[in-house]
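In order of appearance the chains are A, B, C and D, and numbering begins at 1 in each one.
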């Protein structure tokens, strides 16, 4: 049983590294979540608990990787952005990809009861992941704009679709037909005329997705500052966001902010432990 | 918010495919499981429940991917073997890697209570994953032999180490020193002389690791055969195993076996659902 | 001008290695050779000197790389096969790819005058190259069969096309139209009826392409055997060839053959030097 | 001889693409040029004809690829820079790598007689090539600075070494020993004291390497401007060069310059043809 005789098989491993000085984006995506959300009777078009569970799983990823200073998610997907200068795992792509995805996946199950205390998880969900490199800040911002524009398009459609099905009693096929070829303004009008819904008053979490950023806050009775992760629901396409949070693109130090403004945040230190 | 303006970012994605006609092996590995097993007070040197939990998570991976016809694991690692002729996800390596690892990770948490009903899971564990290609059956067998030889080397050492620490009261440092430079036969002798342990009588699950194979069985009151996954604890280095299970290397049909011989098996159909 | 300040740029280099235990095939292809053969007034459909020049350039590649034990070419392409067990340049694909292609390209120009003593080379030709891995002997043989089947299809077509144009006076467009949709037997018939050409009597070099193999011969007045490279013009699709030259797939020692049978061969030792 | 039966082998080809929006650098390197320059009795430490031949081969590469807007070379190496926005061959790395290297290699042989009319080329030289991506202008400039700093270090050493060997009669081993551990200023002093050589007065081509840039000039009796390639021998580390040639990093249009200032240039249009 000499181990050495077989060890040559190690040299079949191949290593792929992320090009240096590029933003590394890992995007995870729910596999067959249509079935998963049906099996677990998620609210339509958006299940707030389900979205918050996604966010908490994503927060766990940020707790593990201090080199991720930004994340954005909606529906059953989340994108994690590693700093350009990160040297995590020597930038080995399989390590980065698999660990981000593993922590997200196990955390999703781990936190299930926190968000669905009365609903049993029926089976273990799965997420796929891909890794994409962006050489410039503009490329990265365009990527994130692409994802947020996607939220808008999808959520407006879904809000109409489920209103037609749940409130007007149309069949899914009928709802689909009614919406075919409609423009944004048609959908806005449809919501307003039929359901008295002003789309712009819908919750920002639904319309804008969830953005995670890192900040530091001062801590009760302590001189030390503590890093926290903030979920934000805001526009990340326009310049305003990036001017307000320059540390993301600058890769500079996590800024200290005033705790008084915070309504909701996640503490970093309690890495992985139940809150 | 024109989505199209940003969509160019899609073309930064790069696709890597597994070379055709090669065995695809995905090996997952617990991240920092030393800490995890301490935090959850796993029995030393082997925690049967912990190993069975690993096995059940691995079974879930086989339920999801019918192209995996063999898996082998021990301690906090598991190797999954996709058929050479598999065309799963068009052999895209990131898809294969991330989904195998995701299902394993979420299943580990999902099945925790089944194996540790009285122990709370304190945090979500993480696994990394890598993908390795083997062009020939011999290369694949040598890979698996390498992993099983590793079980032997590690388990013999750990059995000695923990006997010295738990039964003889040595400190970890003392135990380590005592074992430094010893050969297999020295360790066997040490176990026998000091602890009356005949290493060869230790449970096979500890000494051989866990092998998962697919078989079909006939089902009560049904003409249809049902696929099952069998955990085996046996030598996979010598030819015997491969002669007894020729369908693995042949990539031929899953064979029908007699249910009477089975003490333990996992049903495939109830994909992902709690048993 | 401190060199060290800039040296970080080295770490942007990425290394890709050919999977072990696979046949490495490098195929080179003339770039825009339609224009090149016109500019140099090559004979149609086949220019014997042009083909022999290709062969000699390929021979130079085999002189450089003793790990290539087989090559096959026709028209403006050549495929070079490295042994599965080769560890040349640690199997780095860019090194292998670029050097094979470079030697071929420079040798093509270098040997031009030998084959076209009365024709000036008007410009430097270019070849692209790709690298393909084949895990099994069958895959490799199928690759080579694919290339030789291609010779047959192309050469039969070209023989008809140029007979129609050069001997019957059709315009290229007319010739193309006449051949559209014809089967092999139609083309054979056309050649026989109109031009009294029995296609099977056409030179084997045109119909079968050029195969390069390595052998050893004994040398005048010397006990030492010398390695030589033989150009062959024969079927490599059927088993016969591979049974006659078992050392290729076996990767065994270069066999000694009787020099008396040889009409044409290239000596290996005079590496790169003019003959 | 059905071609289709074998065509599955095409799907073993794997495609690797250069990440978008990055500078693509292809660096070619003479293989075993120590032997080549000895066999062809190149002048030491620098052979002007040999360097000009390298330059002309590089010019041929720029004639072929209009997306290369900058090249830098010295000794037996040359680096070619493709525009970040280039979409040549859909950015497939094997195509880019092999064609740049092939044209360079065949051109080197093609132009040999132009630079060495009285010296026979004894064998076909070979060059290897690698491809490196740089995400930012600064990374690219640092890469080029690294190469030019290398020229300085190597040329100062070689100037000393060959002066000691050729003019002072030291053996190569003695010359090496004398230079071991010396700093730049020691070498400058050595040249001045012993050989009355002021290193800064040595030809710029030797001290700075050769830079190739694209410009347009107006043409006699024609309203049309013609693109030309200029060889320059100047510092490319400091900002001055990049301010004088902003089109390189800007990827903007090739500028029109006054022909009167030009002492030496290569016309682009006569692509590949002998001059």
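Simple rule for what comes next: a residue touches a chain if its C-beta (ideal position, glycine included) is under 8 Å from a C-beta of that chain, and two chains touch if they have at least 3 such contacts.
This structure is a prediction, so every number in the text was calculated from the model and none was measured.
> Count how many hops through touching chains it takes, at the least, to reach chain C starting from chain A.
Minimum step count, chain A to chain C: 1.
> For the interfaces A-B and B-D, which has the higher count of C-beta pairs in contact?
Taking the two pairs in turn, the one with more contacts turns out to be A-B.
> Rounded to a whole Å, what is the gap between the Cα centroids of chain B and chain C?
One centre to the other, that is 47 Å.
> Any idea how many Å lie between the Cα centroids of chain A and chain B?
30
> Can you check how far apart chain B and chain D are, centre to centre, with Cα atoms defining each centre and the answer in Å?
For chain B versus chain D, the centre distance works out to 53 Å.
> If a residue has to touch 2 or more other chains to count, which residues of chain D qualify?
12, 14, 16, 19-21, 133, 139
> For a test of understanding, state which residues of chain A touch chain C in their complex under the given definition.
Those residues of chain A that touch chain C are 11-12, 14, 16-17, 19-21.
> Using the touch definition from the top, list the residues of chain D that touch chain C in their complex.
Contacts found on chain D: 1-3, 5-10, 12-14, 16, 28, 31, 60, 64, 94-95, 97-99, 101-111, 121-134, 139, 142-143, 145-146, 149-150, 152-153, 237, 271-274.
> Which chain A residues qualify as touching chain D in the complex?
19-22, 133, 135-136, 139
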